[in-house]
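Heads up, there are several structures right after this.
Two complexes are shown next, each including chain A; its partner changes from chain B in the first to chain C in the second.
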Partner chain A sequence: MMKEMKNIGWDKYIDVLLFAFLIGFPLVGSLFRVEMMSKCIVYIIFALSLDILWGSAGLMNLGQAMFFGLGGYVLALSYAARDGVPAFMAGFGVTEVPWFMQILQNTPLAVLLGMVVPGVVAGLLGYFIFTSKVKGVFFNIITLSLASLIEMFFNNQQKYTGGANGISGLPPITIGSEPLSITAHYYLMLAVGVLVYLFCRWLTHSRFGMILRSVRDNESRLQFLGFNPAAFKLTIFVISGMIAGLSGMLYIPIHSFISPGNIGVAFSTSVLVWLAVGGRGNLTGAMVGAFLITWMESLLSEQFENVWLLLLGAAMLAVVMFFPKGLVGTLLDWQYNRKIDRQMGLVQTDDSVELRESDFATAKGKV
Partner chain B sequence: MAFLELRDVSVSFSGFLAVDQVSLSVEKGETRVVIGPNGAGKTTIIDMITGKTAPTSGKVFLGGADITGCSPHEIAGKYKVGRKFQGPNLFDFLSVYENVEVALAGHSSVLKTFLYRKNKSIADEIKTILEQINLYGKRDVISTSLSHGERQWLEMGMVIAQKPQLITLDEPTAGMTADETYKTGEMIKTMMKDKTVIVVEHDIDFVEQIAETVTVLHQGKVLAEGTFAEVKRNPKVVQVYLKDDDEEVA
Partner chain C sequence: MELLISQSINGLSVSAMLFITALGLVIIFGLMDVVNMAHGEFIMIGAYVTYFVTTVFHFPFLVAMLSAFLVTALLGIVIEVTLIKRLYGKVAETLLATFALSIILQQLVRMAFGPEDKFVGLPMEGSFSLQGIVIPHYNVFLIAVALGILAATLALFYKTGFGMQLRAVTKNRSMAQCLGVNTARIDTLTFACGSGLAGLAGALIAPVKSVMPSMGSYYIVDGFLTVVLGGFASIAGTAASSVVISESVTVMAGYISEITAKVLVFLIIIVLIRFKPEGLFTSEKR
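And now, the complex of A and B:
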């Protein structure tokens, strides 16, 4: 029993601890903190969407926020158009709800589109990027410019997006006629978060996930084993875009506001930093990174009004310099090395002691 | 028509003729060794068979089908051609076990990777392969920590897992000790005995160990073809290859 316990990757313990903490949090935290934590859960989902792309398949999307923003804007426009032409549009002399917002007036359909639209955009982009064999740094440059392009687009389409002011005054989720309480919102986010986590875990532990890691390690070799790497990259790009869109939608009812800041380069960079700090390719790192940085941001900015950004920057630099694989990545590496040393020792002295290979699956292969 | 046929294939890289009007036929079940000095076009021949390079002119047929210009994943998946690269080419951050599991035949479309379940027969199959390449004890080690020879064997195991009907091995013994080279030769003989195999090699002792038919390439052209003994006696071969490259053998 002890031996089996030892073989479980620590990432699983951290995941369970994190979710247990999140479930119990509203019992101890003030409403203000609970609201903050809801936002943190949304960020965790967003971080997971990038980890299955960057951590697994090695596709470092520098514009992941475009999918987050697309999902967010779809739901925001749907909310804004609920009672006819929204104020920011009326200011531009729009008297009739435009056709695409009429579709969004149907809330369940809008929620669906909040995932489908980013998915379709990811599919189109991915199709052109991956079939034209764009690789490495060129993929980064293209995604970065796309994020900046889409940010500009949302800034300029003031008539329909509210421009730089964004869309504000968005309502919380209502069931019947009653709006949900902050705590109810929190548990809704958490439920979605757990589902997304379980889905990502299934995905990365499936054969599909293993092939993604092969794409990351040695894409050209994979072709000679009968795989079409472009199909795998396209699939994960779409899935990642849809999850990012979902997190963008969840952001709307708790934050009641969306602006081009949520769709562009700056926010895309934030999620990269979370993954750099936490570690990539094991889900746990993404979640821990998002959690830690969001909380440090809030707490530091409350304590040190003037220098908090400097402190946060220094902390991030320290992590990236001393733990290039991220906090969780470093921990898992260390555990993996110990395990292999032990196994090699066992194999030489006693062949009957079997260690299970599945236990190592999570500990390996971080970029 | 032979199982594998190259008909008058030529490849030129920006003016340099790497392969010049080569025709080659390999029968089903044959083990063919292609030898030749550096730059003779050996690897380019393998590149054309596996789809890495399309011939500038000429055709490649496999089992009667024209595979000229097909993509590597199509040739590997649909026509079941396995390739072992020169200098091991693995998934470095996957374990030994996973490297073989990735290569496993018949689970290579996106949908099939979602539906894949590792059942007992698959686990047994992987175990058998790992035992054949002497790496079962190191199955959980990430492949980058293996020795050079072990990495070469792992890649052979991956090729076997692909269940190919044609196996191409590009210098499978490069960088190996004499003992490892011998073991590799025996591996090829036992694991690939009823397969069609094309081996590109430098090591003359190794060629003698495994070869049924030998094709000698020189400057992109076929210089001679025959059994190892015939080729070894061929004065042209002795002149351009064996003498230049390997004094003591000639």
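And now, the complex of A and C:
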């Protein structure tokens, strides 16, 4: 009965509504806003990648942006190396394209690597953390430290990454010889977004997703039942890393620029805030959080950048203190509780009162 | 060879700073199971206090150290009472809340004092040379302060009534409560103590590094690495692992870039904790 009631929650409707809005948006929005919204869709995909990890399996990755950034940098380097040695490298006296960029000159291979590289990093990191007996909080601080170190490393390796300036002037996607229009880009992002959403939904509602939730809720009981939690954690960590890498790649053609800011702690913090505010564990919260906050950010931070960051911190604090399940989680809880109350007859209607009185009467009669 | 020796001597003063940075984290986590993500911002605030006390108001450096400790300890009390206490036992929520707090504190400081670097002069100029290797007096001072703090913390833990209560709460919270220990008070005082140590670390860092709003996130990563290697809840382990990490990074940094050295050390630590999850320097298991 519990499962049935969960299934008719409002989250599905919110998802459909959100996607319907996104499909219709280019009809009403200006080109500038459409471009902004395509970034929003990329962020939604990025948020989904963390939600299947944190929401389902309870693994709060404090450095999720490292996967986003790795995917982005792979594709950016591939674009930059297409016409020989890029300018930022030539400035350091590099005359030949280094070996790892020769591989990336093959664009389809680079796109594949943009997901494989983050996946491998997640796999190695996950192997060492999950098969070890370290306590839960170590996962958080190790991922945070790694994200911060990777950011410093990319800043430091100016020769190959363009340092703090990043890599700029990246081209949009071209089909044939014509570059895609902004609207075409938008619908491409949206199509990928819908596919990722459907994949995540299938994943979290499958048997695998159910086991992930039990990893989150009671790992030792799962172990007693003969499962190996480490294997499940590792798998979801790799999948999550690959999706984040995918979103990082999608970011390149619409933003045409990537810098260490996209790989480090600050960006990892942003995605945490989206999930914390939206609510986690039901995909909808992640999407709503990412959508609302990035849209507000691009509107507000144009004018008040300082105040915006302060607001973001305050919003996060308020949500953690008062709505730990986030906006969507709180809404679903409220709806669920109301439904239960109604079914149990706790919401007093005239009918239920009568029923109880008659029950009482029959019981009395029997005595 | 000379580079190796001079780098390892440098490494000692870096270890001293790292030890003071990480100690607060360890004390707070060991007692309350709280990872304070805003620890870096406490360091930053300590550094700003030092900037104002020494550069703006021209008080001696010792006054700055003391006031950095007091200001951050007070802030710690306020935060513990208003925030941490309400989230007790919820690990993810405390992480998020202190994370949010770190954004807020950093942004407040940036808005109040501007994003640009502030400079704090060295409290003691001069250096002496030992067999051709130049050692600044301040580095010796740093090491002395770190040893002093180590001794003071150990004394506090093992020689005072407060320390005894604190250790009792760490070992078995509910039992300690039954025996009449006021655990809420111990929590608050410990959090204040850890925050104060962060502020003190900020004061000591300020003269040798630049003081800016985002400096905290840089130091907290080093602190985390130390804690991972040394094991949570062990003061001696923290001391040992900060020496190991700083020495290896500083010595390597003589030959390759500091960041690359740090990344290498990090990777080694990840592999090590696979085989020694309780940290390298803790023998007892709870």
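Going forward, the second predicted complex is superposed on the first by the 312 of 367 C-alpha atoms of A that agree within 3 Å, B and C clash if a C-alpha of one lies under 4 Å from a C-alpha of the other, contacts with A are read in each partner's own complex, and residues count from 1 in each chain.
The working rule: a residue touches a chain if its C-beta (ideal position, glycine included) is under 8 Å from a C-beta of that chain, and two chains touch if they have at least 3 such contacts.
What you are looking at is a predicted structure, and each value in this text was computed from that prediction instead of being measured.
Novice: With both complexes overlaid on chain A, does A:Gln105 touch chain B (first), chain C (second), both or neither?
Specialist: The answer is neither, since A:Gln105 touches no partner chain.
Novice: Now for A:Gly136: first (chain B), second (chain C), both, or neither, which partner does it touch?
Specialist: second
Novice: If you stack the two complexes on chain A, which partner ends up touching A:Phe232: first (chain B), second (chain C), both, or neither?
Specialist: In the superposed model, A:Phe232 contacts chain B only, not chain C.
Novice: Which partner chains sit in contact with A:Leu272 here, chain B, chain C, both or neither? Use first/second/both/neither.
Specialist: It touches chain C, and chain B stays clear.
Novice: Would you sort A:Ser206 into first (chain B), second (chain C), both or neither based on which partner it touches?
Specialist: The answer is first: A:Ser206 touches chain B but not chain C.
Novice: Of the two partner chains, chain B (first) and chain C (second), which one does A:Ser256 touch, if any: first, second, both, or neither?
Specialist: The answer is neither, since A:Ser256 touches no partner chain.
Novice: Could you say whether A:Asn218 touches chain B, chain C, both of them, or neither, answering first, second, both or neither?
Specialist: The first partner, chain B, only.
Novice: Which residues of chain A are in contact with chain B in one complex and with chain C in the other?
Specialist: None.
Novice: Can you list the chain C residues touching chain A in their complex?
Specialist: Its residues touching chain A are 29, 33, 35, 83, 86-87, 90-93, 95-97, 99-104, 107-108, 110-111, 217-218, 221, 224-225, 227-228, 232, 257, 259-260, 262-263, 266, 270-271, 273-275, 277-278.
Novice: In the complex formed with chain A, which residues of chain B make contact?
Specialist: Those residues of chain B that touch chain A are 50, 52, 71-73, 76-78, 80, 82-83, 85, 89-95, 97-98, 101-103, 105, 107-110, 112-114, 116, 137-142, 145, 158, 162.
Novice: Touching chain C in the complex: which residues of chain A?
Specialist: Residue positions touching the partner: 58, 60, 62, 125, 128-129, 131-138, 140-142, 144-146, 148-150, 152-153, 155-156, 265, 269, 272-273, 276, 306, 309-310, 312-314, 316-317, 320-321, 324.
Novice: Mind listing the chain A positions that touch chain B in their complex?
Specialist: 206-208, 210-211, 213-214, 216-218, 221-229, 231-232, 235, 339-340, 343-344, 347, 351, 355, 357, 360-361, 364-367
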